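Common to both upcoming complexes is subunit A, partnered first by subunit B, then by subunit C.
The block that comes next holds the complex of A and B.
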């Protein structure tokens, strides 16, 4: 009995070490799934950084939970001329250091972004459309663009405003140390321990609704099992990216509450559209003098051979929805009725035969095994499904750093990738993924399937020059339909974003995957 | 002694140089960090700019020459990801790993040696037998599984210990340590034990077999016949003779524990070097990888040096000059 007794005392002593209940009620402890790499909001375009930045800093235009633009530091915006956007700024906003927020800060931020040193992923991609900045009065600013650029407000959702009093070119280190980590957001920065946690306190002078939390402890727990365990043991109150294998179990736990929404991230298969492709051979392994994937019927057959519902049910455990286009329902430029083809292996075989491949062919299907949710398992399943219609598939799942380098070099014939449409509308994937590779225009930068369709390019050109939202939406829908009917790539599913929290909390799940403590509330 | 020391240092320098060359070529073959780091929305021009900003547009030999030049000036480069000097990044994480590794090795000594002694002296006793049986588990169970089981038991079921992370820290010698606070100790307990498990089993078995081998030897019998107290026979004469393999293994294990605590650090979200290095490898953050491995190589050299010096202390027959 003695050892047990001692253990109980030890346990009680350890329990007493944790925070008293009163302090705990005011604190929200977040378990984030990826390490934040910088507190500088303009250093690295990386979603874990953006997720954290949204606590401390604010953009002019923000995204709501469904990724539609809403006013934040700007009250309103409009096109005053074809190439001039005018933003009316919110009055009475103060930075954490007590200074007033004005148009000078916006001009300063836009000026700083392209000059941040050694940025591995510059935020200049969101400001490069701006050719000049005109401060009209302290609360009105005009942004001039070279061409008509209807996407400017959406680009600005990624641009977090910092005060101009930080002086010429503040260093990234000074943000990490907290010296320059000054924004207008609902929380103020307290401390940053690299690879461990970020501590924040409520900004009691916040212009908007005050957050429910006096203090936020934002912890980075990349290991899935450990993150779930931290929630179960009560070490954190709120975790993001709940692993699909734990969803069923957690949803039955009465002490927990789950929030989920369909993500803007689509998982799809690229097919190589070049004349010759590296990893396709005849049914007996003989060399082919052409690329079967350039035949639309072959691409349709490969898409039709995939049982998307089975992948979603069995592999994703319901944490995804089958998808036939870039964006989920409810998004700007979603095409109603454009669904993925029904699973039909018999028809797929017919299409293959009609295209001249009655005995199929051999193909290698590549993909990462550590990047997207269940990525390795998904390509294994697809490999089996393709083999069933006579396309003998060798599946090759490798680690992301090695995979993405080869994918960029065009070393694959068929491969899995994902795309998170941060803008919430279709011009973004159309321009980067589908448009013909045109370095001069910056189009098709990640068109790793080498797809090219002049009609899609033309519609996209028109859409990007159309300021009227309704007309632009229609053009984008047409371009999307064209590309999908042509099976530019094979869409599989949209992931779901899932958060878990202790019972008594609520969260309006966000389509953009970010976790924001100010949007976590005690249930009423 | 001095010549010996000098030779060792020159050897170490060559090992470090060879390692950096292999790393530069190896990482270059694997891929380009910009492929991983840059926003997918960036276009071709943005990509070219980012590559140039990190100096990755230069030919590899030039990048290496620049690195050597920097190294001669005490600068190992800045992390591509954090934009902080690589050494400073590692330095921030070093204390966390160090206290974890030291606690693990201490646990291995404090638990492993007495248990091994007992199992060697009383091989047929219940405790001796169960210690041996338990040590097989300590060896064969994978660390990540044991770690998760510990979390499930002590954090989730019983709620005695915090599940993950590093606790409160306190300042000592200008460095923040967590073993100085009670909250820190509570956070340290599980990862340290998890990391120590394999070492405890190893030390236990080494000590036990050493004792079993030494006990029948003539000098032990003679010491007993001379009428020395059993405690002195075991504590001085036996122990001193079995410590050489134990010290060797502990030295190497200490190095290994520091260098490869990756699994334990990942599971317990411990902000140490192991987690930093695995994150850096995932994004091909070359400056950090190179600096880290240089430190590890130097550390192994230093540990071997200390082990060799300990030999001469434990066994006067060993002469440093005779050794390579």
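The block that comes next holds the complex of A and C.
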């Protein structure tokens, strides 16, 4: 009895070992850096969710690796009137449940989004410009907007289409259980273990190029060291967000391959633009009756005192590029020649003296220590550099939830934040970060430095009402230049997104940070 | 004590002389005491003996970050134990870190000792409801893991050395209370307490002038061990990012900073602070063990 049993097990083990490599290679095991909060594509605007959703669902318009819009479920789109966008939909596309994809599904999705219950971050921000939906025929749909709204195709890259046969208001729980997790994407949902993994199978009826993987195991490993270790030990084939401390080592490992690209995420320092600020005092700790940061020369000095190359080289270990504006080179509305100020501590001191602070002042520099790559280390390094020009800096790094709570209340004078420009063009950061706080318009929603410049607002208003791409780009470039020359905030660097995978795989690194199994290919 | 056959000395020994003789009979303990004293001296005189003030950002340079032990800075200074990612001299960082460890360790052990012992003595002397109330509180406190309680307190109070000490005192007082009560229960049945009470001395006087001195030996032993425990706890809390601010790293935070570089082979950022922590705690524990042997009446002949 026992010997037979053993023989069977041994036989099975041998069979597994001798399995053709092709069959084993059919599975891709992905190590993601953050747990998703739902399988419902309309529940929470959160980048880990967007990354996963792109496997199962598809939007009308997608982004390519460099974050430029490309057709996905829509074949083409155009403005037929100043306030009417017309989308021609791709024919012959089927959902995972076998139903045809038509304009009714688009209308259904746009209708559902604002009504998702308990959403911690609603996708309605991407659909609220749409005032009405007109289904022309099964493969043509017209979206009406109240005003000219050139950004609609870009907003729709975040809107994943679900079938209208799910009925009135499907519950988020039914997506998480898999019952309603139905899209048109290259993979179909198999199972979801909250906080652990999502299993997916290839959609063999996919309309586009078939993925190379029969099966995808999408595992969530938030601990950096554990994720790297999982790749090194062969538990996963592909990891995202490689920690900068490990980049040097992994890039020398012949069994591994790295892919990297400059991210749309900028890391910057906010300076408080209000008349009085909480954490700036005189050189001996005495109270000041004004805020030195409102003086342009002081802001220029603080920016000039920062050795961005040293931060990129020593702290980020090369996994970033010094930055002087919102977006990296190659993006829509990037301003050629708008570089960060050269590192010049001597000139920074002169500027401080000219502004009336020959002995500097004291400032507290705050930041999170668990949100952005090396955040706590970056503010310490900036603290070193500011101290050298006579600005005595106390550095305070705290955990993200309490940091962002205080930042929202305006409790800081100088602090580090990051901004990922999901739209890939400058109107998004200009509207959210730089525009004067105007809650009614939704402008300046995260303008935590209380910056206000009427000229920038005016240019932005004009840009948002300009349908012509070239003219709009020009206006956005002007607004960006104005804000940066005025040191609205101090840009530090654009992070690089780095993926690591076992040798023999390739990945076209994406600027939007998402990891997509369908874009991982065996090297030819 | 080992079975040394000793001849009674000619002159009667004072208790202190006897204590010194007993203590020095173990060479390992003497060595440990020397280590403790050296660490204490280094910590006290840190600003004068370290090559750099590791807490002054203006003295650090990230261009000197992650240099291996023995490397020199652009300015010609030698980093004997290397530097961390901010260009902080590890040797200076460790000595300043030891300073924080000792201040937090000794400070919290002393305060917890005073609070805990007083409550323990009062419980034993008063008895009845007071005793029940105090001792159930002690039981409650000791039923939670110390690190858990400390984490909760710090989550509520926020970071900072002062808050770490408050958390440690709140975590540690219960052990002193339990020990003090145990010792006091034995002592208070003795005749000298009865005699003192017959003289109608005030209660506080009986408590602190008669009862306390006779309960001291076990409390001293607990105290040394609690110092080592407090240092470990502080290092743990700082390692988890809840202790000291990032610009003033203690040993725990130094280890945490270097921990991320272990995979890339830059061992020194974690290794040397870890070694310093290990040495300190081992030395204090050895001294504590020897004190227990010397002060334990049952092991005296």
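A few remarks follow.
Keep in mind that, in the parts below, the second predicted complex is superposed on the first by the 501 of 524 C-alpha atoms of A that agree within 3 Å, B and C clash if a C-alpha of one lies under 4 Å from a C-alpha of the other, contacts with A are read in each partner's own complex, and residues count from 1 in each chain.
The definition used in the following text is that contacts are C-beta pairs under 8 Å (C-beta built on N, C-alpha and C of every residue); 3 or more make two chains touch, one makes a residue touch a chain.
Being a predicted model, the structure only gives us computed values, none of them experimental.
After superposition on subunit A, the partners subunit B and subunit C are accommodated together without colliding.
Judged by the touch definition given at the top, the superposed model places A:121 against subunit B, while subunit C stays out of reach.
Touch criterion met: A:383 reaches subunit C, while subunit B stays clear of it. With both structures placed on the common chain, the touch criterion links A:195 to subunit B but leaves subunit C unconnected.
In the superposition on chain A, contact is made by A:249 with subunit C only, not with subunit B.
When both complexes are overlaid on chain A, the residue A:311 reaches subunit C alone and has no touch with subunit B.
By the touch criterion defined above, A:41 reaches neither subunit B nor subunit C. In the superposition on chain A, A:396 makes contact with subunit C only, not with subunit B.
Subunit A has more of its residues touched by B than by the other of subunit B and subunit C.
In the superposition on chain A, contact of A:222 is made with subunit B only, not with subunit C. Between subunit B and subunit C, the minimal CA-CA distance in the chain A superposition rounds to 7 Å. Residues common to the contacts of subunit A with subunit B and with subunit C across the two structures: 225, 229, 370, 399. Across the complex, subunit A meets subunit B through its residues 7, 10-11, 14-15, 17-18, 35, 37-38, 43-46, 117-122, 124-125, 172-173, 176, 193-197, 219-223, 225-226, 229-230, 232-235, 370, 399-402, 404-406, 408, 419-420, 422, 428, 432, 439, 442-443, 445-446. By the touch criterion given at the top, residues 30-47, 49-50, 53-54, 78, 80-84, 89, 92-93, 148, 151-152, 155-156, 158-166, 182-183, 186, 266-269, 271, 275-276, 279, 281-284 of subunit B touch subunit A in their complex. Contact residues on subunit C toward subunit A in their complex (touch as defined above): 56-58, 60-63, 65-66, 85-87, 159, 241, 245-247, 260-261, 263-265. The part of subunit A that touches subunit C in the complex is made up of residues 224-225, 228-229, 243, 245-246, 248-249, 310-311, 314-315, 369-370, 376-377, 380-381, 383-384, 387-388, 393-399.
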